[in-house]
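There are two complexes below, and they share chain A, which is joined by chain B in the first and by chain C in the second.
So, the complex of A and B:
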């Protein structure tokens, strides 16, 4: 019963998306691909998707570049204030997103940067990076310290060891972190809605507007595709974890 | 480091300087009926949702903890998929299910029962919020259930305790730290809810995040918006502090990843 409650809303959008009509009816009365056609060929929706995609890629890169070395340092190095720094790096998970959104909005207003993409990417990195740090820290548990020590004895420098020994062993964790940070950014609404402006809407922001005012049936098709994306990411992460 | 602190610092500064140092933002929101009502709303919705989530989540966690690791991994997909599904997809689905001409009301109508209002009110917000929160409470509860020594229950069984008695006297009390961690995690998530209230809630039945949005984008009073945000942050901070005191609380929020 509990499982049904959890999974039903995610699945219900699938049959709806093949409905022909312009209004919501369940069960669908006819089968059609009209909603998908609207989504792919009506330029507005596709434009928003492409924008979200690039914002997601940028967020992923930035989260990895900042998050993986941070996780490495937190696990391997010993320094005062390590615990506090860990808590601090993970804190955006617990800070309400709306506060992060307002902060990014005010900060970029105060330094007078006019661009929109940069604030959104930085905001998304703030909330996605903790997930990279967590997965990378968990992955570090599987990296045998003796391998690093052995390469050190054989004369490898710290940087070389990190690139040649640690990073390859961390691969599954990094793949998981990359996929999650992309998905977090791709699905994120609040920051993109706060910082974005007319003419610069990511897919979720456009969906949010559409659901709020007039529920267009295209939403069902987009929802189905987003669900497929989430499912793909979940399965990919499960698969890389199993390889290990 | 800087990119973490700069946004929070901006909010704090904006709440105190406008442009000179002032506490007007805070005194204004404390005297505002709207703010007090919304603060009350936020606490009420969060507490109700967290409570209902625990009631819904505990049996699932219990069931998961009794499965073989293989079956558990499979069932966990049913939990993780909604967790990673966009909140917009979930909200949209609930509009389809709960709406005036939605699935539930269509069924009710076809068997001759009156339609019920499930959307654009408190009920809709609670249902949507609970659905969002269940995966968050599942993990801490499941961890504490899995961490129990099965010999305890077995010993009690040998000594003739009924299954209900074993659950009430052994399993449940031992899982309470997990329940507490899950409950606090649910609370801190709900405090900042924005999308669910905006889409499934009634007009005017707002939460603090919606108020921040209203002040920032409609009324353009950044000072007030920041004062509300700092209050929200303080509320969350209190809960996070409590979470740190619960056994296993801090590791709880990392498990979802």
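So, the complex of A and C:
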């Protein structure tokens, strides 16, 4: 019951998004697809969406490239300080996002990383990679070490084993990590707001700005679409997990 | 021709000796079993050969070539694991083809060789299945096929039948032995199951506590054990403790005064030791004495009928328990519990062992 109570306010945007007119109003007085039309065709919302999409994809790629080998090493290798390194890699989850955002902002400003997307991608990777590391480490528990030993005795080198044996077996974990890291980036406001440049907002940042200044009813339509996207991703993760 | 030779190989972890200095030579086409309980060092020895563990001292030679410092993937060995270690995301065909693909064999050749080994393991119809669709016994045969297919110098088998039930295990022992003999593969087999070792091996390497205790054919180890451990580890044994005497032909004097004659002279005259005789060589005897035999008298504790054979447990005056094994006879009444029984066996079946 408590859960329903918490989730209902989120769902209220769905009926709102089908309301015509130029203001958010509840209960909706009419039914139309006007807000969706505005979002897709008649505004610069689409630009923000495209930016968010590419930032999300880049964050996902970077998180996978860094996170999967890290998880592999953390599970397979045995070296002093392994626990501390694990904690260190996962620490961005423990630190408040606002602190991460401020740190990233000051850091990038001082070393002069510029551009529209790069600072956002780097910032998002910081908070998305721990999730890739966690899912990949969990996935590694299902990769029997004997399979790698057997492959090695059969004549396979380490790289070949990683690509032909370990990676295919890690696929469900990697897919889950990829989708989550994309979603984390696509939804993220604080870091994108801090390090983003004026005039080039990601979708969540533009929504945040819009709430502050105009409260456009298009937001209801976008929120509905974002909810659908999250739901779709979660279902996809569940489906790949079941498949294996 | 020697296929694999170990020279003074040992492994220590700090102060712990996992494997004492060991020498072993396995001939081409031979089936050698490392037999021992857990912690005996047999798995350490196997892993040193496979290259998964670097030995502290010694050398490993395959076909005359020193491979001690080669990584596992360059030793051209095969290994079969207890849990099969088939790659779950590949079909059986792809699993068996995997070592060939690593070696850059052409597709046509791969197809031919994979189908050939599937015939050898008598599972030609399963090529397109996934490992999880097969039974344990089938998976283990595929695992063996995956080794045979690239013709390694030596196939290592690490308790390969440990996960199977008893009946299937016995079938697989026959199957593996048949494949090994027909293809002339050199095999080093690790097990803690003495029956498995006795039934399959050309030679057995008996290990305990990180040491090789004895190397010999199954009948060598069974009938001519060199230690009390070997005598009691393999099969059932009757042990009589006493003091070695100087009697001609070798003998041992029991605490009760009886003298037991041994099959050979013992160098340990005057020392405390044991005489060992297998239950199947001990007979329930009548009162008539016979030359060159050993005789003791005791009280029947119980007779256990195990189908074709019956074990008579007899307790001597000093508390030693002996087992006499006979074929079960329906036409003869078994002796009664508490009855005084005379046991007799040949001196030539009696082995003298150090304590």
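The rule is simple: the second predicted complex is superposed on the first by the 243 of 244 C-alpha atoms of A that agree within 3 Å, B and C clash if a C-alpha of one lies under 4 Å from a C-alpha of the other, contacts with A are read in each partner's own complex, and residues count from 1 in each chain.
What we mean here is this: a contact is a pair of C-beta atoms (placed from the backbone, for glycine too) under 8 Å apart; a residue touches a chain by one contact, two chains touch by 3 or more.
Since the model is a prediction, treat every value here as computed from it, not as a measurement.
**Student:** Who does A:33 touch here: chain B (first), chain C (second), both, or neither?
**Tutor:** neither
**Student:** Please work out whether A:189 is in contact with chain B alone, chain C alone, both, or neither, and reply first, second, both or neither.
**Tutor:** In the superposed model, A:189 contacts chain B only, not chain C.
**Student:** Tell me the contact category for A:160 with respect to chain B and chain C: first, second, both or neither.
**Tutor:** Second partner only, chain C.
**Student:** Which partner, chain B or chain C, touches the larger number of chain A residues?
**Tutor:** The partner making contact with more of chain A's residues is B.
**Student:** Quick one: classify A:146 as touching chain B (first), chain C (second), both or neither.
**Tutor:** In the superposition, A:146 contacts chain C only.
**Student:** One more residue to check, A:113. First (chain B), second (chain C), both or neither?
**Tutor:** Once the two structures are laid over each other on A, A:113 reaches no partner at all.
**Student:** Once the shared chain is lined up, is A:65 touching chain B (first), chain C (second), both, or neither of them?
**Tutor:** neither
**Student:** Given the touch rule stated above, what does A:223 touch, chain B (first), chain C (second), both, or neither?
**Tutor:** First partner only.
**Student:** What residues on chain A does chain C touch that chain B touches too?
**Tutor:** none
**Student:** Quick check on the complex: what are the chain B residues that touch chain A?
**Tutor:** 3-4, 6-11, 14, 56-57, 59-60, 63, 75, 77-82, 84-97, 99, 101-103, 106, 131, 134-135, 188, 191-192, 194-195, 198-199, 208-209, 212-213, 216-217, 222, 225-226, 229, 232-233, 236, 240, 243, 250, 253-254, 257
**Student:** Under the stated contact criterion, what part of chain A meets chain C in this complex?
**Tutor:** Listed in rising order, the residues are 144, 146-147, 149-157, 160, 164-165, 168-169.
**Student:** Note which residues of chain C are touching chain A in the complex, please.
**Tutor:** Listed in rising order, the residues of chain C that touch chain A are 50-52, 71-79, 81, 83, 85, 87-89, 98-99, 102-103, 146-147, 150, 156.
**Student:** Going by the contact rule set out above, which residues of chain A touch chain B in the complex?
**Tutor:** 2-3, 5-10, 12-13, 16, 24-26, 87-100, 102-107, 110, 122-123, 125-126, 131, 134-135, 138, 180, 183, 187, 189-190, 194, 204, 207-208, 211-212, 215, 219-220, 223, 226-227, 230-231, 233-234, 238
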